[in-house]
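Read the structure below first, then the notes.
Letters A, B, C and D mark the chains as written, and numbering starts fresh at 1 in each.
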Amino acid sequence: MPSLADLQVSSLGPCAYPSPLGSYVAGRETNEYFVSEDDRVLYDDTISLLRRRGEPLETCPSFEPGGPRPQIFHDPATTHVGVVTCGGLCPGLNDVIRAVTLELYTHYGVTQVTGFRNGYAGFDPAHGFEPVDLTPALVGSINERGGTILGTSRGAQDPVVIVDRLVALGIDALIVIGGDGSMHGAHRIVEEITRRGLPIGVVGIPKTIDNDIPHIGQSFGFATAFGEASKAIAAAHVEAESAYNGVGLVKVMGRHAGFIACYAALANHDADFVLIPEVPFSLHGENGLVRSLERRVRERGSAVIVLAEGAGQEHTLATGRSDASGNSRLGDIATIVREAIEKDFHDRGEELTLKFLDPGYGIRAVPADPSDSVYCARLAQVAVHAAMAGRTDMVVGRRRHRFVHVPIPLVIERRHSVNPEGDLWLSVLESTSQPLDMR
Amino acid sequence: MPSLADLQVSSLGPCAYPSPLGSYVAGRETNEYFVSEDDRVLYDDTISLLRRRGEPLETCPSFEPGGPRPQIFHDPATTHVGVVTCGGLCPGLNDVIRAVTLELYTHYGVTQVTGFRNGYAGFDPAHGFEPVDLTPALVGSINERGGTILGTSRGAQDPVVIVDRLVALGIDALIVIGGDGSMHGAHRIVEEITRRGLPIGVVGIPKTIDNDIPHIGQSFGFATAFGEASKAIAAAHVEAESAYNGVGLVKVMGRHAGFIACYAALANHDADFVLIPEVPFSLHGENGLVRSLERRVRERGSAVIVLAEGAGQEHTLATGRSDASGNSRLGDIATIVREAIEKDFHDRGEELTLKFLDPGYGIRAVPADPSDSVYCARLAQVAVHAAMAGRTDMVVGRRRHRFVHVPIPLVIERRHSVNPEGDLWLSVLESTSQPLDMR
Amino acid sequence: MPSLADLQVSSLGPCAYPSPLGSYVAGRETNEYFVSEDDRVLYDDTISLLRRRGEPLETCPSFEPGGPRPQIFHDPATTHVGVVTCGGLCPGLNDVIRAVTLELYTHYGVTQVTGFRNGYAGFDPAHGFEPVDLTPALVGSINERGGTILGTSRGAQDPVVIVDRLVALGIDALIVIGGDGSMHGAHRIVEEITRRGLPIGVVGIPKTIDNDIPHIGQSFGFATAFGEASKAIAAAHVEAESAYNGVGLVKVMGRHAGFIACYAALANHDADFVLIPEVPFSLHGENGLVRSLERRVRERGSAVIVLAEGAGQEHTLATGRSDASGNSRLGDIATIVREAIEKDFHDRGEELTLKFLDPGYGIRAVPADPSDSVYCARLAQVAVHAAMAGRTDMVVGRRRHRFVHVPIPLVIERRHSVNPEGDLWLSVLESTSQPLDMR
Amino acid sequence: MPSLADLQVSSLGPCAYPSPLGSYVAGRETNEYFVSEDDRVLYDDTISLLRRRGEPLETCPSFEPGGPRPQIFHDPATTHVGVVTCGGLCPGLNDVIRAVTLELYTHYGVTQVTGFRNGYAGFDPAHGFEPVDLTPALVGSINERGGTILGTSRGAQDPVVIVDRLVALGIDALIVIGGDGSMHGAHRIVEEITRRGLPIGVVGIPKTIDNDIPHIGQSFGFATAFGEASKAIAAAHVEAESAYNGVGLVKVMGRHAGFIACYAALANHDADFVLIPEVPFSLHGENGLVRSLERRVRERGSAVIVLAEGAGQEHTLATGRSDASGNSRLGDIATIVREAIEKDFHDRGEELTLKFLDPGYGIRAVPADPSDSVYCARLAQVAVHAAMAGRTDMVVGRRRHRFVHVPIPLVIERRHSVNPEGDLWLSVLESTSQPLDMR
């Protein structure tokens, strides 16, 4: 559990301007709309944990709540906000871009909103990517399409070059929509800004289709993504059931965290085995995958395996290579699993109809579903509130349904993953009836 | 805010049987799976509120957490569980029935699961509805269809008759899936059980497509429902934009709470006005609906109005009638709004193309979307854990993403509604740019 | 059956310009691409019918085939094409606008394409609707949205005013996308053009969500529309099955023709009764609706009725009124049916749970499904080929999967309707098992 | 063009029993429902072709029309019908099984309907697959699921074994739902039946997700399949547009025929290049794929390539191997194309973001869309009419929207493929603007 100090968010300075949002609550007696500057939200709400700490509430770990402040740091009349999307696609990126733009225009009266193209590369004049003027007209219905109208790319850029560009364009606040690597980059931008003593804020909106960023609750687009992935599982189930000794093998995203595999499997209950990076399995042990599958097919005539791409890396040859974002290249567990199953059925003289499905990019290029659309819009509004209030080096999150501010260093120090003893994984075990310990 | 005493859940007695789920965690050093009997989850996690109370943590209002217990009350070998669905349809009912059945069979080893047909009427022998034997084979893929395989009905039944039937069939625990009225009924059943001193538990799974039950977080099926409703708004938007002076009027569910209207409007941003029961509006004031619409159509050429069925009841003639569930009949606000708009355009000599859409039952008869499917499955598992642990007169909820137990009296004493000063309504105002005060 | 003379298409004059499409087939030995000017497609391909005529093939009724001609009438370098959408919405309108524009730009090199706004009203300067310059950039992805970017309206305009506007803007060919009434209007425009001796062509693309225009095969958007309508039937089925004595009543479009009701009912087999304008039924006869429904509910516990809006008009009071397109106002058969059923159950002392669904505009505002998208694109290409070849006073159709040209007078002289002795209606009877003769 | 003799359908003998369907038309003056035994439908309806033959109508090639006959061959009271599904999955299989069963039960009064499991293997007692009793209750809502409830398999079986089984079970008519290979098998079964002089009919319902069976019009499930495939193209388009120098490469089904690639590309217009087996292309020529792609990416920033799995086989090493159905194993053109593109961008020092999508089995395991559902139901009814009328060695088709009977030898003698000079391919060229001749 992080300490209270870890959870303190940085700020550019005191908030001297009244928020234009004050008009919403003018004349009301009570005012539940604005967030009080000295309020906090407990990091943990379980009494046993709090009791164990034995501390007064004031020193218990707690978050700064997200939301509009009565006073803000930047003068809306002159503020210029930059927006950039980085890393792989995720459903909802255009919803976020749209809501950031509309919130700035229609509620803060900020009319300088600049979108940088193709990720951090868009800041480097050497690439020649012209920034885009984000206006309500331009963003009006972009939420209906997947992807990001700003384009994206993987990989870091020199923070000196980026800050030079921010200064050249007069950007006061930069909103970075990106994942783990992009937040590392955002933090380096903050360091460079701090070094130069500039009043420029950097606020992140964490994007991770794998849902593996800690402290922020469920990430935007994740629900849409696992919903799409569940369609591939349903297709694999149909294929497997229609064949004699049919086995469906579905590879889904999840390099380090098996959330997509778990939720997609729970969404339609068609999976018989779920394999995730957090839970090792043996291929050939008595309760290993091959033997367990053999038994399942004998009992039911068919079976479906859902495989997170990062599962069972212990069975692959480490490639030792990395991609442009610094992610290590994963070994090809799907082929290893597939060949092990085929060999087993062949050796036993049994027929096998194995179908492999890899929905791949198909699950991340779709538009956000209605729930994610609402979530993206509200998350973006919270990010704008934070940026206008002069917050920096932080991301917005929705932990336990409360919008909160989380310091960037905290979200990049480790990954969020499926707890093999938690209720999600137990729900998966209940749904699949796979062996507790596949060895 | 409820007091700690209000939040205490009733129990049939001490838990003497070891949970069969113990096998999941056998041999593990740590055990995060089982819920500790003396743990609690804070009702509120905002420090300012807690500070204002000035109480020690132990006496702050808190919930009993949901989840599996290491010891249970009912002996799985002999336990007989009843299930009933009551009231209007809601996406996910079959997911819940399925998961309750599978959790009982595959994890607790309970093999007597009886479904009562057509709501509380199913308990009355006079109706002659034969109960259904719920088995894994029967419930296998019912989640793919909307509705409820058990059938449902509105209206109360004599608790004496119901308890007689429970006793006659040897039911040890009854799981009631229903709304506000059904939970009133469940409480009366508990009272009758208590009067007779029987060891029969009653656990509710709150169903409300309007999301208007308090303390339980977002209700199951709600996300699917507003996603469907948002399609009607999109259609109204297309109709309005394709016509000269086009106005789309969409009526959505929401007798007492405007959640569906708000979320559906946020999901696609196609609404220009959202009218909900919680926020009164005038038809003819300077900022009233008719004048505001007139201005909006002049500026943009078209407009879309989303109207919760219970909005603006002050403009209707109270019918004074009630339906079988005791819900009062609502006045027909849609017709009043429609005629006021048509008269206004007519009086001004302006053309008008007004299209009225009422998706009606179409939004509640669909299968649950993937997120709701997962949610239903997990909520049902928590209800089964509670029932097996001997809890009674309570419902399960997922407040701020934590599964909790809530006493039935607490969820029926008032309705949950949209806070006109809260961030949801402000997000709606931001999305629609409708006047803050439509008078 | 129309005579050969009825099927002759009018032309502005001889085709003197080589088609730019010639580049596609340059150097090929055979050339199956271009349509030969003297080829024809038989109106009927059934030998018994042809035999009965006893005529030589040359005088048998036949259509001019659609498709590209080697020589065209208009000089692409100077041609200016107008496009207008009229009447109610239908899935695929934007697909058609898009494909007309792209075909003209990319294949004929025509770069003057003007869209008139809001139907025929857009030609009248008095309305002040500025025409839109249709370009590939503008139409690029409009197919993803329902409705029509040009707007639409019902009602006729003075052909003199319209032709004045065509002349003023230098339009050489006008493409009218509209229904029955709009084609009447198009014919009057042709008459006015002819009176003035102008070389302006008018080519129609028939739009009818009811599929009730004769000779043209299935109309574009119809498949998407009945697919949407079938969702309402499925919802009604779920509602009915979940209730005791549940009856679902679904009203679908179909003023004069019951095609949507028939196809939507066949698409999911959930309907027990289909009522269409072409087949009268009695309410109270022994095999009438009420008695038949009573029997069905007794046997199966529930039933679903699909009602085309124009069905059973003999049971309604003729309103005698018409709408702006000249369509007579229909009597409200849905209420009559509903009340008859409710009275019957009430009189018999039986419970009834009747749910009424009216998907209404929701089925016509959606984007075209993939099959309709392809169809719209190809139909639009055929219309452009016809327009460039100087055809006029005609519509394009796809009769028995062959693209053909049909004179406008032929498509407006009567409506296409469901043949009560044909195989479509028999398939419906087979699917519903409703009485052959509901009297 | 086949000769008239080629189009003659075999029959088991004269039709001596009155059709139970006669009740539908009893008492009607005209009777358009029953098909007259001596009617025919012209094979070609183009006058130029007919004229060129210079024959009387009676000797022009023509089909026997499908539909109900007034007299039938089999006595419904004693008839036993078998059903089998063979080969790969295709949307609509369950719709067909359902409609065959219901048509037999509810209209012909045939109550012995047996489903053989797992393709032709289901006839061989050695496999021990118990046949399934197909009843209205069993097939009631199977159309809501993809796949086939009967299971399927590839590969032939000894016709002697199959006919032995038919005789043992007393099957009078066998309905085979399968593709090219399965129809070869059906023909061999007919030969064996004929050799033994048995009165058993074999009627095929052609299943080909690739739409490559000749003479039958569009195959069932094809529209659903290309609709699904178009989603992968849309995803590839989103990915490509969101990246700098983004290229999407989508592999779709189509071993010998590029119909899915063509229609899926036309359905959303997102493809820049469509590569199909029927149209050779060079990788490295001036207008070859690599150069053309280079130009397209330079102009538009991104591009999408749709690749039928059987395209460009001239660039692959023939594997010389075959699968269980006798289909030759295709070379891996996707990898060759991908590597050629990657090498080219690398050699030119250009960045490239290439994303590969293979929707694979995901497009064939979905339920039929509403149009295909209707089509499957009606096609199945026509097959039942043919079987009851004693037809054999034939398949049903819907050529130019007319249901017809086609002799099996005719549909297996060659494959249907995209005509590189026809209007479909030209429409694709128009939609993509790819070079006419990619060399």
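Odds and ends about this structure:
Just so we're on the same page, a contact is a pair of C-beta atoms (placed from the backbone, for glycine too) under 8 Å apart; a residue touches a chain by one contact, two chains touch by 3 or more.
In this text, all values refer to a predicted model and were calculated from it rather than measured experimentally.
On a Cα centroid basis, the chain most remote from chain D in this structure is B.
Judged by shared residue numbers over all numbers used at their interface, chain A and chain B contact each other through mostly the same positions, with over half in common. If you average the Cα atoms of chain A and of chain C, the two centres end up 46 Å apart. Centre-to-centre spacing of chain C and chain D amounts to 28 Å, using the average Cα coordinate of each chain. Across the assembly, chain C contributes residues 144-145 that each touch 2 or more other chains. The touching residues of chain D, when paired with chain A in their complex, are 89, 118, 121, 129, 145-148, 151-153, 231-232, 234-236, 238-239, 241-244, 353, 355-362, 365-366.
Contact residues of chain C toward chain D in the complex are 23-25, 28, 30-33, 36, 38-42, 45-48, 50-51, 57-58, 62, 65, 67-68, 98, 102-103, 106-107, 143-144, 217, 223, 226-227, 230, 263-264, 266-269, 369-371, 373-374, 377-378, 381, 400-403, 419, 421-423, 426-427, 429-431, 433, 436. Of all residues in chain C, only 141, 144-145 touch chain A in the complex they form.
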